[in-house]
Amino acid sequence: MSGSSYGQIYKLTTFGESHGVAIGGVIEGFPSNCPIDIERIQMALDQRRPGQNQLVSPRKEADKVSFISGIFEGRSTGSPIAFIIENTDQHSKDYTALKDVFRPSHADYTYQQKYGIRDHRGGGRSSARETACRVVAGALAAQVLDQLGVKSSCYVDQIGPYQLSEQNWYELDQIENSPLRCPETTISDQMQEYVSDLQKDGDTTGGAIRALIKGVPAGWGEPVFDKLHAELGKAMLSINAVKGFEFGSGFAAVSMKGSAHNDQFNADGSTQTNFSGGIQGGISNGMPISFRVAFKPVASIKIPQATLQQNGELKQHAIEGRHDACVVPRAVPIVSAMANIVLLDFYLRQQRNTLFS
Amino acid sequence: MSGSSYGQIYKLTTFGESHGVAIGGVIEGFPSNCPIDIERIQMALDQRRPGQNQLVSPRKEADKVSFISGIFEGRSTGSPIAFIIENTDQHSKDYTALKDVFRPSHADYTYQQKYGIRDHRGGGRSSARETACRVVAGALAAQVLDQLGVKSSCYVDQIGPYQLSEQNWYELDQIENSPLRCPETTISDQMQEYVSDLQKDGDTTGGAIRALIKGVPAGWGEPVFDKLHAELGKAMLSINAVKGFEFGSGFAAVSMKGSAHNDQFNADGSTQTNFSGGIQGGISNGMPISFRVAFKPVASIKIPQATLQQNGELKQHAIEGRHDACVVPRAVPIVSAMANIVLLDFYLRQQRNTLFS
Amino acid sequence: MSGSSYGQIYKLTTFGESHGVAIGGVIEGFPSNCPIDIERIQMALDQRRPGQNQLVSPRKEADKVSFISGIFEGRSTGSPIAFIIENTDQHSKDYTALKDVFRPSHADYTYQQKYGIRDHRGGGRSSARETACRVVAGALAAQVLDQLGVKSSCYVDQIGPYQLSEQNWYELDQIENSPLRCPETTISDQMQEYVSDLQKDGDTTGGAIRALIKGVPAGWGEPVFDKLHAELGKAMLSINAVKGFEFGSGFAAVSMKGSAHNDQFNADGSTQTNFSGGIQGGISNGMPISFRVAFKPVASIKIPQATLQQNGELKQHAIEGRHDACVVPRAVPIVSAMANIVLLDFYLRQQRNTLFS
Amino acid sequence: MSGSSYGQIYKLTTFGESHGVAIGGVIEGFPSNCPIDIERIQMALDQRRPGQNQLVSPRKEADKVSFISGIFEGRSTGSPIAFIIENTDQHSKDYTALKDVFRPSHADYTYQQKYGIRDHRGGGRSSARETACRVVAGALAAQVLDQLGVKSSCYVDQIGPYQLSEQNWYELDQIENSPLRCPETTISDQMQEYVSDLQKDGDTTGGAIRALIKGVPAGWGEPVFDKLHAELGKAMLSINAVKGFEFGSGFAAVSMKGSAHNDQFNADGSTQTNFSGGIQGGISNGMPISFRVAFKPVASIKIPQATLQQNGELKQHAIEGRHDACVVPRAVPIVSAMANIVLLDFYLRQQRNTLFS
């Protein structure tokens, strides 16, 4: 009810503010007796971490995860898995200037209106730092999905005007090879130059992430309201800065005809095309799942803007501090994590339906 | 858990198959002692009903709603409001031919894979007929939202290649004036011709719906996972045939710069632009809420396609029966209903936060 | 949230008022492709029905259940199973006199205070008639539990001062043999005389029901808050007129010593005694589950009592109408139904934990 | 779903094992902008702590609570309130001997059966140490309830054969005056002697706790399944070692007549008697809420018992380590905490029903 939990059976509840003692989470519903590779979870966190290269925020968080419960002698016990990530490099002083200021296109104003109080330091609860906790839960989910043969490929598909011409499956090393996580070198280079120029101007840019998921068998997802793509959509839209979600043919379907859009069958149940994006009627059909997520440009720009003060007066204000010119590359592990959380949850939800098969 | 419920406090659970006795729903959490205008609910249903004009499905359902509980002497009692809509014009015979056939881009195959059984008549549970129940719950929610000053304008924004050039607020009668619910006459006429031509070919087209909502005060929506736009996105993506959702600047944000995208403030807390679409950090900011929903073309086409049979063989099959060449106009009241359900739910969720304000 | 739903995966939502058109429910999470024996469900309903003999309420409801959805060609489809039980013998006129009256130890006053409105006819939503819907969901659950080898024996254990001297397993026909569902003839006869005398006085009596459940394997139930006995307790306490719940040793444990109370093990994991009532740490241990439920006397008595009127004045008022002198025998199928609902739910919740076993 | 969460709007999720790094919890739904008195929370924890006097477990946990999030400058922010209580005095070595042993009437066997793995150290997740987290959430809830005028009196009502003769309201200092939290000196002295003797024998005893709650207005609680007393019952039955729950007249109602049991009205809506225990139809009626909770004797006894080993062999085994001869006095703050959690939750659930009053 408070908005800090996600999932029905595999469930993550996160807590913590950007400049508090720590952020963290509690994971419920993870299968018991599963071997846990903690290092692999830390690796996923490292992909999201600030300070990876000169194009992203120089905040130097170790983002080291500590598990408190639910793991015993290297295996899950079936009890809640709680974890903490300490906040070690908070520059709260950077934010003192913002105590009485509502930054444009940030959540300062809306939190104040909703709660009558807010932790103004670095966005408090609304900071994208919260997403580190999602990466932990996603990397844990991946350890089960791996065993089920489910694999995903998430990468930057567009930054500003530069966009990949088609969707393809890329391996992790191809993606990680690019500092912007765009696996085609020519486009990636153009993007880098673009972002670098914006950074000099104190400006920022939007971007998009493509996700492809292989190995999901037919039958995951629930009908009517909890359709697999509806839940994936909610999961993605819940990530900071996301403005849109489309799957399969997406917005292009609007101008397509049925005769072109329908995915005609092969004899094995697969389809000749995949405009459905691997999902029919909210339930996976065994084809690759495909979706795309749109991110707005980072709101923290170093250019003066009309900013509202708590006393009701406007002032022209340029935001200082350590911010990304484009947050999209760092969002790749978050998109991947949320997809994993959704998929493990639907896998577990589907377990109950096999009694009379 | 079964996917047939929506909402946290204001909650709709739907039931029923396209060609069963009836469809219906149970509404929980509706405020007690509220006068109920049942005629207005029926009017909303009439907007969704098939057989409205020659451009849509000629199935002649009365779609008459009967309330069973929760209303006493014209007022809500606070108890669950159950209702039934009888299926009176089922042509189940039309579907006998489909008993052992999985239609392309329908949910026949995935339901069979998920459940090991399916009601093949007219899509059974996966039929868009289920959305009539959403319209009932949405029209009920509207009666509370009205008193809170919340109003919405939902209309067809695009069909095939024909699209409105900009977003605008349109009154209900302007929208209902067009058989395709596209409020600009020139575009509407082009659309009609386009749909009419497709109908002759036995083909279908996709389309898009725009929704604008005025009067939502700042503070509705929950942070982190249950962001207002994430829940709106899930609600829209749960509607049959939807392939994408964007709010505010949407996918256009991908190629925008922060300096252009940020909504600078006015002194009263409103903003000079509204690329945020009325939502910041998942919480309404008092500006109009704006989103757009993409629909794929109807999958039931009268052109032969490679169709899978339960025995594993393919056959070329053309779908007969009474189908829409473009379902998007009939989806307008559904989009509106789902938005109302989400908004009333968030209004009720916000009630608890006022104790220490 | 509205209190009308029970269960996590196997979930029942009920609706309807005592003197409305009908009562009914929606069942979610029932396994798909399971053959459904509707007659057996009707038989369970018949056990709860008023008018079975001269000792219970003469209201003559057919209590005929009609299924609306979720069953196709005799099997469950995995979709919500909705059902309706029409109210055919409402004597609403009996209740006109009660329109402005709050009966002692009824829910009239509290509903009015909570909702600001109430359906005064026959208790409206607070009537025990609602429990017929629970019997439907319980009888459906029983059809799965049967296949899992889970069986229960529920019977009247005490009425007024007359109590069985020990707990025993009784078969259904032994229980149904007694008009009061007390399987020991001598005690049953004494109870009948007692109830018959009270009936003549217009008075009523309390009673208790014992439930024994065999065949639940070790491992059902969740730790900490959702302990199997905690959920059974909630389920029983939610039945109208229930005042207490105990399992295993129950209240007798208060004056026992650990050395006497501990259930020492046999080599096969069973225990020598069963003071635990089949549950340890909230999880079934494979021994029979045993609990007992206390019912207060029916509040509707024909003796004048100080009754509050809506205008704030008291009056001496004797309740007329068709009421039971002892409701406990008719509560036997309700206790059984709620136990079945809880058990099927925990069975389904346990399905997810087998991936790494 | 995993059983580690309680509440609908005011929601506690706990985590942690008895001998892990720490235990802790996440509290959601606490009203924002409320001043928090952390010292008062620590005081409630101190009442539950082991090592308070010679009659209880000598384990010397500081039980010092640290808050990680959700509190800013002394006030709640509306974000999740996470907290940690470190485990500082684990004698895990005491438990090495128990690694392959299932203790009688403990949860060792059932956890192993359910999860296929267990943390054997000190009961792991099944340890009553988890209840410290409930005390934190209960003491936080009390800070809101205080402002609403809701107060409770919880005390030991019975230990072994020694029982208070009637229920009465006692102030906190009267209760805390007794090392066994039994506010009548004569009985308390008898209890102490009894427990002291059992302690010498290595044996243990059961007991009961009475709770009275004043100041709850009419209208809290939900009808049908989520009745106020059903939720209180579940909350109490979820506490370690609880075997029974009764409210108002409780099990005594079984042998009462309606004419004696009905609570006749006074003109102000209060009742002349309170056999209802302050609740009618699941909803508070404004009278004091009254219930009683039965606890079994502690299972850890120093007397040899038939104990099952993981290899399937029995052995006679006496449990060593630091255990209570009677845990009931230390359960008083837990009963109080769970009652507060339930009441705050129902208060918040009731907030939504006031729109049309």
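The chains carry the letters A, B, C and D, assigned in the order they are written, with residues numbered from 1 in each.
Throughout what follows, a contact is a pair of C-beta atoms (placed from the backbone, for glycine too) under 8 Å apart; a residue touches a chain by one contact, two chains touch by 3 or more.
Note that the structure is a prediction, hence the values are computed from the model and not measured.
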Touching chain B and chain D alike are A, C
Farthest chain from chain D by C-alpha centroid distance is chain B
Averaging C-alpha coordinates per chain, one finds the centres of chain A and chain B separated by a number of Å equal to 26
CA centroids of chain B and chain C: separation to the nearest Å works out as 39
Between chain A and chain C, the Cα-mean centres are separated in Å by 46
Two or more other chains are touched by the chain A residues 1-2, 4-5, 8-9, 14, 29, 32-33, 78-79, 114-116, 125, 223, 353, 356-357
The chain D residues in contact with chain B across the complex are 9, 29, 31-34, 78-79, 144, 223, 348, 351-357
So, in the complex, the side of chain D touching chain A is made of residues 1-2, 4-5, 8-9, 11, 13-17, 20-24, 26, 28-29, 32-33, 68-70, 72, 75-82, 84, 114-119, 124-125
Seen from chain B, its contact residues with chain A in the complex are 1-6, 8, 14, 102, 104-107, 109-111, 113-116, 125-126, 130, 158-161, 198, 203-208, 217-219, 221-227, 229-231, 233-235, 237-238, 240, 243-251, 253-259, 261-267, 269, 271-272, 275-277, 279-286, 294-301, 303, 305-308, 312-314, 349-350, 353, 356-357
